[in-house]
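To start, the structure under review is shown below, and the notes come after it.
Note that the chains are named A, B, C and D in the order they appear, and that numbering of residues resets to 1 at the start of each chain.
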């Protein structure tokens, strides 16, 4: 089926490289299913790390000719996306589909069908239930595949999904009826998954703006971009030009609030002068500012930042400290 | 007898109490038993947080820069490799020897988290503790104990570590370690790379470096990357485009490798930090090897030794006619 | 920084450039380049007309950068810089592009390609010019005194010359007396005079000179500072004295090689030419029936490849003398090649032949061989002309051995940052253009410490060095081209790399005094010591130290321009 | 395909040469004065000493797509600043090996000694290096985007 998909669409699926991450594949054979969650989220499918916005040309009279650099929106399918990453897209929509419409992101979003893969197992760093995500559910996808042992239970949740299933009907067999309970059975594997208390955390954060809690974290943080670049909900970008004699292009690329230059001004002034200020900003954005604006927390509990932070800064731990009030008492 | 957390705690407690140090940089248990987090103490009250065990991977040396201006002396615990990066920091006047108090811990190898989980086929949550038992680790699990050969689960750089004992320290906790039994040819990896054809080399690095997401973790965690403003962050001149493509990634990694040339002590932190598992040591070790072969220089041994690229010999090799 | 308004002046240089490069095309191209406010062609940009045209354009188009594309900065940069200055533009806002030596002259058959290359070069020059900054030249006073190291003939000549021009001179001689090696000689060649006549007058003149202070026996212990302001301390007969000078002349001389050849040092009848002269001078030498002299003993061989220049004449002089002492005796002079350049030298050689000295040529692949029990009794040599080995009876063997550098040259070289060349002789800044100066400003060289020289040359070099040294002393003030290094203390991390690579100890770590950075340890450059090589700028890990006129931005903008990036 | 074909037929490399003011640049001037004819593919940037050229800039130049970078300095022992070219030589050893190690043809970066009196050698070096790099073809680094 994946082969057929790869024919009809741009198929993006988990591939084993140095680590497992979502990539464009030509055939099903490239795809691996041996993962709990890929290293890189599917975010870059919609919001590439580097994306040309438009190209410009220059003739001797220094006149600019501008041409948009939008590749024809061929429809694509993401296979194997997990519930957390799927949810993260909903959060990203709030940014790119807010009062400013980002056509680059939205076109891809429109042209993409999400084929989810239900989780029946989890990593020690997973805590998506914290945000009301059911890892085995298809809430935020068009189609959900659930591995119920000897077969997949495949469900469509949107018209897009239904349409696609119909188009590839040949690959699917009738239900035998026991799939539901098989799935329920497998869900047992999810028992004991971390579920943190985030009730009213935004307000609790507000109390923590000042205070020593962030000091150690700030010192510990190296200011690298791992957390932000791996985070499926981080969406900051920078815009720059490539200028050549004959013309050039304007591109945007991921940026990170962990980097000093992120807020560096031409004057040399930097409103977030130290790593503490930057680290604090990141958690306030996720657990307060984003919530203030969108009434959602900008985290889906995928645990990537926890797993890969080289100095073990652990957002789950922080949420816990904040909720339990531990953070305040320091 | 290997140093234990308990020993370390008493030692550091004394240092606080006899007023030797005002701060201490060490490790505390992290999110699970296979992780530690850097921990900063300002007194002996929370001494209990300190741990020393075979998962203490982080090179803490760089944190000394954050404590440059605190009143009093800063204590820090260093393994062999960490201590070597302290030597480099001293060489470049980044820290003041009299303002730091170095607690050396001889180290006979650090656990590679992923290797251990792989080899034992377990999840981190099952691990209670890891103990150093000479050539093997004793892993205490929620359901019993298991022994595992170090050679199978050590971090790569530990497998070729020639400096298990800190070259500089004020006190040593635990007995010095004699030559590590498993240490083989430091440069086998490099030689194998050198043996490839130019085409193969290009293919190899293009594949690896095209995966770089330029999170700069390798730079930021590097104990010898001490520039207050890195050239990659400069606006004028722009040494590197913010656009992430193979071409720019090559520039980044080449310049990075060159900047740590003769300074890298192979603590392996860059590789540990890299989320994309790019074999950065393969680059660093190449430069290290050339420095040794061309200029007979090894970094991080002797504070008095002049960095190889700041000096010369009239009779240096000359292949440029 | 005001928005750059660059003027580009493309020179035809008659047909030198215009005959190959399509200059009008280059001008048109230049007009399209970023920040170029004006571009024009000149028949000769360096002519009166071209120069006034530049001045006019600066005025008319309100230019704040000037790029001239013509010949080489090595000859014309000073001119165009002063043109800018005259027009009220800081001379360092000028950039030179070489489209003659580096383009039209070397691509005569390829007009189109040469034109394209000229465009590239102009584009690169313009790209750099956009970043140029106004610079102030560093000026420092000159302390009106000099030190001469070495009281030999060269040193004394230099000292007298300086003193007679009215400057205080400290003359440092390591022996207890002045005069140097000259006093050990018997006679001076070609004029056949006793050197003492010559030397004693000079020594007297030096000794009695009110402005010359002689330190001896003394040796220089330490030198710090830079041109115009050297602080010197010398150990004078066990005590330390220190003084200040503005210039330093090195005239420490050389020594004669004592070879381990032809039984020298083993048999009593083997001498060097210098030994011979001393014996002759002291009249300790009897008559000899058979004297053999061997030239190039230990010279012009792989480990000592140079010609010592004075030995041939010395040998001829002494050969003739031996013949004179004992006309019946035989004198053989074995040589490889004879250095008897010039009129009177050649005549001197002929006279010796007339007098009956036998000259026999030998070659490096068939060196003479000595034989004998206690002393050397015979010398075997292969005679090219007779194509056979002949044996010469010998009761005195004299070796002409080369002058070799003094053992303390290296130490002195470190102290003065004055380079030494192959074999340890001192090395001047430029073999032709600056023959008696070191690259290190304010330090000069004369006499045999530089290279084997005879008395006449040594005296001439002494005078030359003195008059070179006089230039800054007279000006009373020295200017340093503003291409020196400068540190940005904001981003300097005080790692000291620059201090390690600087050959002139111009960079040093200091506590910063700038507001906001007080107490931060950063590098600081002493512009007077900085020679503007830029080593520090290349070695600095994060560009905290930059070389004026060759900054990272300027160099990279040229590289980018060449790559078609803007 | 079309592209590569046209490259094979009419590839003219772009080669950058950093020349030290005292030796190599003077040597280049002399070559000009002596009218030694040479390929047109080299562009010279004047620096005061070969030791001023940061390896970073060589890397940048190659990444920009220049087909070759030369650093030309005084012969060892002749440095106007007495030590500069010795430091350059050490850096060059490391850089050249590093570039080769990641698969970049070593010929693309060259350090050569040219004295002020070696106009003939300058043109010989220009010819030689131009030939070598023309033979290599275009610098593929530029295409890695």
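The working rule: a residue touches a chain if its C-beta (ideal position, glycine included) is under 8 Å from a C-beta of that chain, and two chains touch if they have at least 3 such contacts.
Quick caveat, the model's predicted, so the values are computed rather than measured.
**Student:** Pick out whichever of the two, A-B or A-C, is joined by more C-beta pairs in contact.
**Tutor:** More contacting C-beta pairs are found at A-B.
**Student:** Specify the chain with the shortest distance from its C-alpha centroid to the centroid of every protein C-alpha atom present.
**Tutor:** Chain closest to the assembly's C-alpha mean: D.
**Student:** Between chain A and chain C, tell me the centre distance in angstrom, where each centre is the average of that chain's C-alpha atoms.
**Tutor:** Whole-Å distance between the two chain centres: 67.
**Student:** Once you find the CA centre of chain A and the CA centre of chain B, what distance in Å lies between them?
**Tutor:** About 31 Å separates the centre of chain A from that of chain B.
**Student:** Taking the mean of the CA coordinates per chain, how far is chain B from chain D in Å?
**Tutor:** 37
**Student:** Distance from the CA centroid of chain C to that of chain D, rounded to the nearest Å?
**Tutor:** Chain C and chain D have C-alpha centres separated by 28 Å.
**Student:** Identify all positions of chain C at which a residue touches two or more other chains, and write them in rising order.
**Tutor:** Residues 501, 539, 552, 556, 564-565.
**Student:** Going through chain A residue by residue, note those that touch at least 2 other chains and give them in order.
**Tutor:** 242
**Student:** Which chain B residues touch at least two other chains?
**Tutor:** Within chain B, residues 231, 239, 245, 309-311 contact more than one other chain.
**Student:** Return all touching chain pairs.
**Tutor:** Listed in label order, the chain pairs in contact are A-B, A-C, B-C, B-D, C-D.
**Student:** Using the touch rule from the top, collect the residues of chain B that touch chain D in their complex.
**Tutor:** For this pair, the touching residues of chain B are 193-194, 198-206, 231, 239, 245-248, 250-251, 254-255, 257-258, 261, 283, 286-287, 290-291, 294-295, 308-314, 316-321.
**Student:** Can you name the residues of chain C that touch chain B in the complex?
**Tutor:** Going by the criterion above, the answer is residues 490-491, 493-497, 500-501, 509, 521, 539, 541-544, 552-553, 556-557.
**Student:** Spell out the part of chain A that touches chain B in their complex, as residue ranges.
**Tutor:** For this pair, the touching residues of chain A are 17-19, 39-40, 49-50, 123-125, 216, 219-220, 222-226, 228-230, 238, 240, 242, 251, 253-256, 259-261, 306, 308, 310-314, 316-317.
**Student:** Sort out for me which residues of chain B touch chain A in the complex.
**Tutor:** Its residues touching chain A are 30-32, 35-40, 58, 63, 66, 123-125, 208, 211, 213-217, 219-221, 233, 241-245, 269, 272-273, 275-278.
**Student:** Considering the complex alone, what residue numbers of chain D touch chain C?
**Tutor:** 14, 16, 21, 25-26, 28-29, 31-33, 35-38, 40, 43-49, 51-54, 57, 60-61, 64-66, 77, 80-84, 87, 123
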